[in-house]
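Next come two complexes built around chain A: one with chain B, the other with chain C.
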Partner chain A sequence: MKPRRERIDPVAWLALPAVAYLALVYALPLIMLLARGVMGPKGFTIEPLASFLSDPFNWQVIANTLKIAALVTVVCLLIGYPTAFALAWSSGWTQVVLLAAIILPLSVGVVVKAFAWQIVLRRDGILSQLMVSLGVWDEPVRLLFTETGLVLGAANVFLPFMILPIYSVVRLIDPRLAEAAATLGATPVYRFRRIVLPLTLPGVLAGVVFVFSLSIAMYVIPSLLIGDRYQTLATLVGRSFLFMRNEQLGSTTATVLLVLAVAVVVGSGVLARRLGRSA
Partner chain B sequence: MTGNISRRAALKAGVGAVALVAAPAVVRAQAKEIVVGGAASHKPWVESIVQPFFEQKYTCKIVYEGTRSLVNLEKMQKNKGNQYLSVVQMDDPVMILAVKEGLLEKLTPDKVPNLANIRPDAVHMDGMWANYLAPWQGIAYNKNVLPNGVASWGDVWDAKFKGRVILPSLQNTEGLANLFMASHLATGKPMSEAEKDTDSGFKQLAKLKPNLLTVYTQMPQAFNLLEQGEAWVIVGALSSYALERKAAGAPIDLAAPKEGIFASPSGICMVQGAPAADLAYAYINEMLGAEVQGKISAPTFALPTNKSVPPPAGMPINATMHSIDWAFVAENRNEWVKRWDREMGI
Partner chain C sequence: MMPDFLTIAGAAKFFGAARVLDNVDLGVKRAEFVSLLGPSGCGKTTLLRIVAGLLTPDAGTVRLDNADITRRPPHHRDIGVVFQNYALFPHLTVAENVAFGLEARRAPRGETRAAVARFLGLVHMSEFADRSVRALSGGQQQRVAVARALAVRPKLLLLDEPFSALDRKLRETMQIELKRLLRELSTTAVFVTHDQDEALMMSDRIAVMNRGTIEQLADPATVYHRPATGFVLGFVGLSSRIAGEVVAAAGEEVVLATPRGKLRAAGTLASGTKAFVAVRPERIRLGAGGGDNELELPLRDIVFQGSKMQLHFDAGEGDQVIVEAAQLPGLPLAPGAPVKLSFAPADALAFALDAKP
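Take a look at the complex of A and B:
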């Protein structure tokens, strides 16, 4: 069954359209962007990067960006993980309705969702009213234009990207594995930790990578839910190009954003694999 | 009697005909179309008021490309030497950038006679561009919460406004007035001096932080919050937007506080190397003329710049009007935006 080594597997040609497309509209512009960040009037230079990193404000922005992306990912994981099981273990109409509930919101634009969240997060918004009537809060609190509001809103937008990869993995888990463990005396906690969790890790990893990459680079959601007083790397990139017309600063900032995103994604992959092995 | 009139009428018609044939002759000999770049939000009134008027008078065609000021600048830069835009209408701060890059053709009274009929402060940098309208900036407020309006710019520092104030970002043209007004409030200096003392302005603005709901870059979002009552005031709001929302029935109004209001002028310029230059000059001349300004100032809720056009009803004619030194702004703006990020952040 081993593929023949002497020539390219003909199946590989199926990837050609995607490779050609991405090379043209993604890889090439990306290389040009990165090049602009390190090319000065006298050729190669790391001066723009050095001056970017020497500004403490930019470190604050990097910290903001990573913090928000991490929190959004954690919130999505906490909500998405059990939801994926509910989705996988349901059947018939229940499953159809659940799937629709998760996928249909993707067709609503981010701007529309952000405006909806404004209504929810306002001082007299639904959330505030609910918390006051439940006695959790003494008085109405505004979450709009706060970090909490941003995390809640962004997690809502990106949640399907966490649920769906985990769901697709959970669906493939053979239920007999856990049952067999149970007959051998494994407790539910032990079964979850040693059987279910390791088997779902690839899905979790995919979900984390999706949500983290999307939220580290989000632009519209922060500009509507937290405003101009809270900068992230993505909003700084937008401003450098669109307002300050400083393409080099924009490219440098974009490079920092890209390196961080790739580092975290690759790092979490390595970590997950190690955890999977030790579990 | 009748003979007299008809002779006079005939004479008039004759003169008119000669003028019609003679004056735009050059215009007719060349292209019959010009492309005007401008703000997307101006499209409705340009296409419904200016365009029919001009196209009929000069038997030509206008193509209006509505976008953002910086995009217009970009279009001029990218097509330098082979321009397709003839005239551009955009914000004054962007005009300065265009002048610096040598993209504009100076306007002169022999090409644009109406330059002599507009207020002197509406002609900039020796005629590099001129203002055809001046929307004004005051404090937009929610009438349900503040039925008496806002009397002074200083009022919004009061603790009762905690979390209820929205400011425009310094990235937005309308965002700069606050910096200068804050300096004026802090130092008590006249505006022309206070304007240069931005350090005092920043310190005063930082004191406003507890009262801030947000700082916007997207104006519709800010007005949405104001109309819903989450925000009580937008400090430095533009008449062209605020009064339009008010006319549409929103529970808001625009106050002209006692310290005065700011002119936020709309500029018009000639692109260097513009195609159909004569038609372009004619268009600019009409935009500065009494007839067009009389037609557009009321629906745009702006003050005319032509001296013979009375301000439309409901405008604060007695308020002190402050102008902003946009050349000074252009020199310092990026530094100010940096400082704003650091000192006004959450």
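Take a look at the complex of A and C:
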């Protein structure tokens, strides 16, 4: 549905403090940063971008970034989708405990969590010992400093951002819709596909956008869980500014990261809307 | 005699320690319209959900069209339901809602399209086919819900208070329309309502329910004129009632001694029973009647109700006397003035007093 063009609602003025704050401390510095990526000594130039894109190493970094972000999003979706239903359909103490288990970890800093995962993912870590004692692995395996370890750790950190938006739409689905579908002859699978899934799609989309944009830009978690040898766009931005003192490269990399993030978020929005209409 | 199409035998349901449905038997014939009428919490919706397969009974069986469907899941029952809030699929259009059941059954595309067009036409919603159901009024949503349930041609249609969200005027139109539609399609229907007028006007038979049991199952006229229990009497329609004690009993008739004099009434109660006589307001005449029960009471109020007048009289403690008349006789009727009333013993029913709701 398209919003109708109307005169600005006076209520919109309530957003003025937030808009002013974001314009000053976020939008303005961002514009300056991006400008630096396309401004050379002789004015506007696309030379830094062109040289960035001509380097195969940078393409590898882009691939790493998209791969990790996509894997984290998929893992969060697979775990978070059923969890959101458990949360929405439980009641009383079960629901309180579940909700606390999902929200409380948000109060633990991401650095603390990343260090905790370092301990879990070591060769002699808890995960390795567990898999060996269960007989799944023949010998201890180090997951730390691997893509798998990074995806596991990041998915843990970002899981609440997948569960909560889905939970909020599941809660609003009238249980009689599924009953009505059943009395019309729909099997449980058909009911899920035609009724429950399309109605939860807005929540899924919100969760995917949250988790994807968080994990495409994450810096601390890859720094601690996979290290310097594996670069993503965000860690490359950090390196450019902090270690290489190459502001031009940093700005260009940040521009590429921003464009990718916006493209994927907008693209998935369009896709989900189209899926929702045809379902 | 025609065998029952839907048979519920010994159905019982407990929610925790609460007995919501207590050993209910009910038979519905093919193409019959049966209402489950009762106050909220009487078990009528529970019974409906058991028939639909949305609840499993703790005891008893449900048979439909010569098959035991007690344990069959709802999507294999072939029973349509119109829910109280209609439960239309909000992300689908009107036509997609109506097509849903046929698509779930993998009906051929052409057949689905024909059925959607036909049933939207039957409920006068053809021009809304491509609208979102969110944009519809309550009455329109109800029509779509009926079309959606009927489009798959279910063996049985269940309706759970489908008119309760509509305003009075619209409700009456929809009731007449639905009744006619179901008759045209020879649909067997079970209809849940707490509205006695709705049940009386729409049903072939009414099952009056109270506290998880069926107190009476009969055609509307019998339920109204010959209520089986004090509860049915009180729940369906108004009545005048005068309490007393049975002093003589012979066959189907008893005599009660009341503060207003002796009254004869139909009933089978033993002498000495504390009881009350009940009469429908329109069966009491103004003026003396030779040989009938007679009362003389002071008039309290006259209530004008358009097509009829309702007269309230000062009766004793716990009693009430109401008379309905199409027009008032020429006598002067002033509040406070004593008026003679009479009614035939055959129109009066005696119920034991502890059966009073």
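The working rule: the second predicted complex is superposed on the first by the 272 of 279 C-alpha atoms of A that agree within 3 Å, B and C clash if a C-alpha of one lies under 4 Å from a C-alpha of the other, contacts with A are read in each partner's own complex, and residues count from 1 in each chain.
Keep in mind that, in the parts below, a residue touches a chain if its C-beta (ideal position, glycine included) is under 8 Å from a C-beta of that chain, and two chains touch if they have at least 3 such contacts.
In this text the structure is predicted, and so the values were computed from the model without any measurement.
Applying the stated clash criterion after superposition on chain A shows that chain B and chain C can sit side by side. Contacts of A:Met244 after superposition: chain B is touched, whereas chain C is not reached. By the document's definition of touching, of the two partners only chain B reaches A:Gln118; chain C does not.
Which of chain B and chain C touches more residues of chain A is settled by the count: it is B.
Applying the stated contact rule after C-alpha superposition, one finds that A:Lys42 touches neither chain B nor chain C. When both complexes are overlaid on chain A, the residue A:Arg7 reaches neither chain B nor chain C. In the superposition on chain A, contact of A:Glu179 is made with chain C only, not with chain B.
In the superposition on chain A, A:Ile195 contacts chain C only, with no contact to chain B.
Of the two partner chains, chain B is the only one that A:Ser223 touches; chain C does not reach it. The three-chain arrangement built by superposing both structures on chain A places chain B and chain C 150° apart around the Cα centre of chain A, to the nearest 10.
With both structures placed on the common chain, the touch criterion links A:Thr187 to chain C but leaves chain B unconnected.
After superposing the two complexes on chain A, the shortest C-alpha to C-alpha distance between chain B and chain C comes to 47 Å.
In the superposition on chain A, the residues of chain A contacted by chain B and by chain C do not overlap at all. Partner chain C is touched in their complex by these residues of chain A: 174, 176-177, 179-188, 190, 194-195, 198-199, 276, 279.
Interface residues of chain C, counted against chain A in their complex, comprise 52-54, 73-81, 83, 85, 87-91, 100-101, 103-105, 148-149, 152.
The part of chain A that touches chain B in the complex is made up of residues 57, 115, 118, 122-124, 142, 144-147, 223-224, 226-231, 239, 242-246. Chain B makes touch with chain A in their complex at residues 70, 163, 169, 171, 212-218, 221, 224-225, 228-230, 334, 337-338, 341-342, 344-346.
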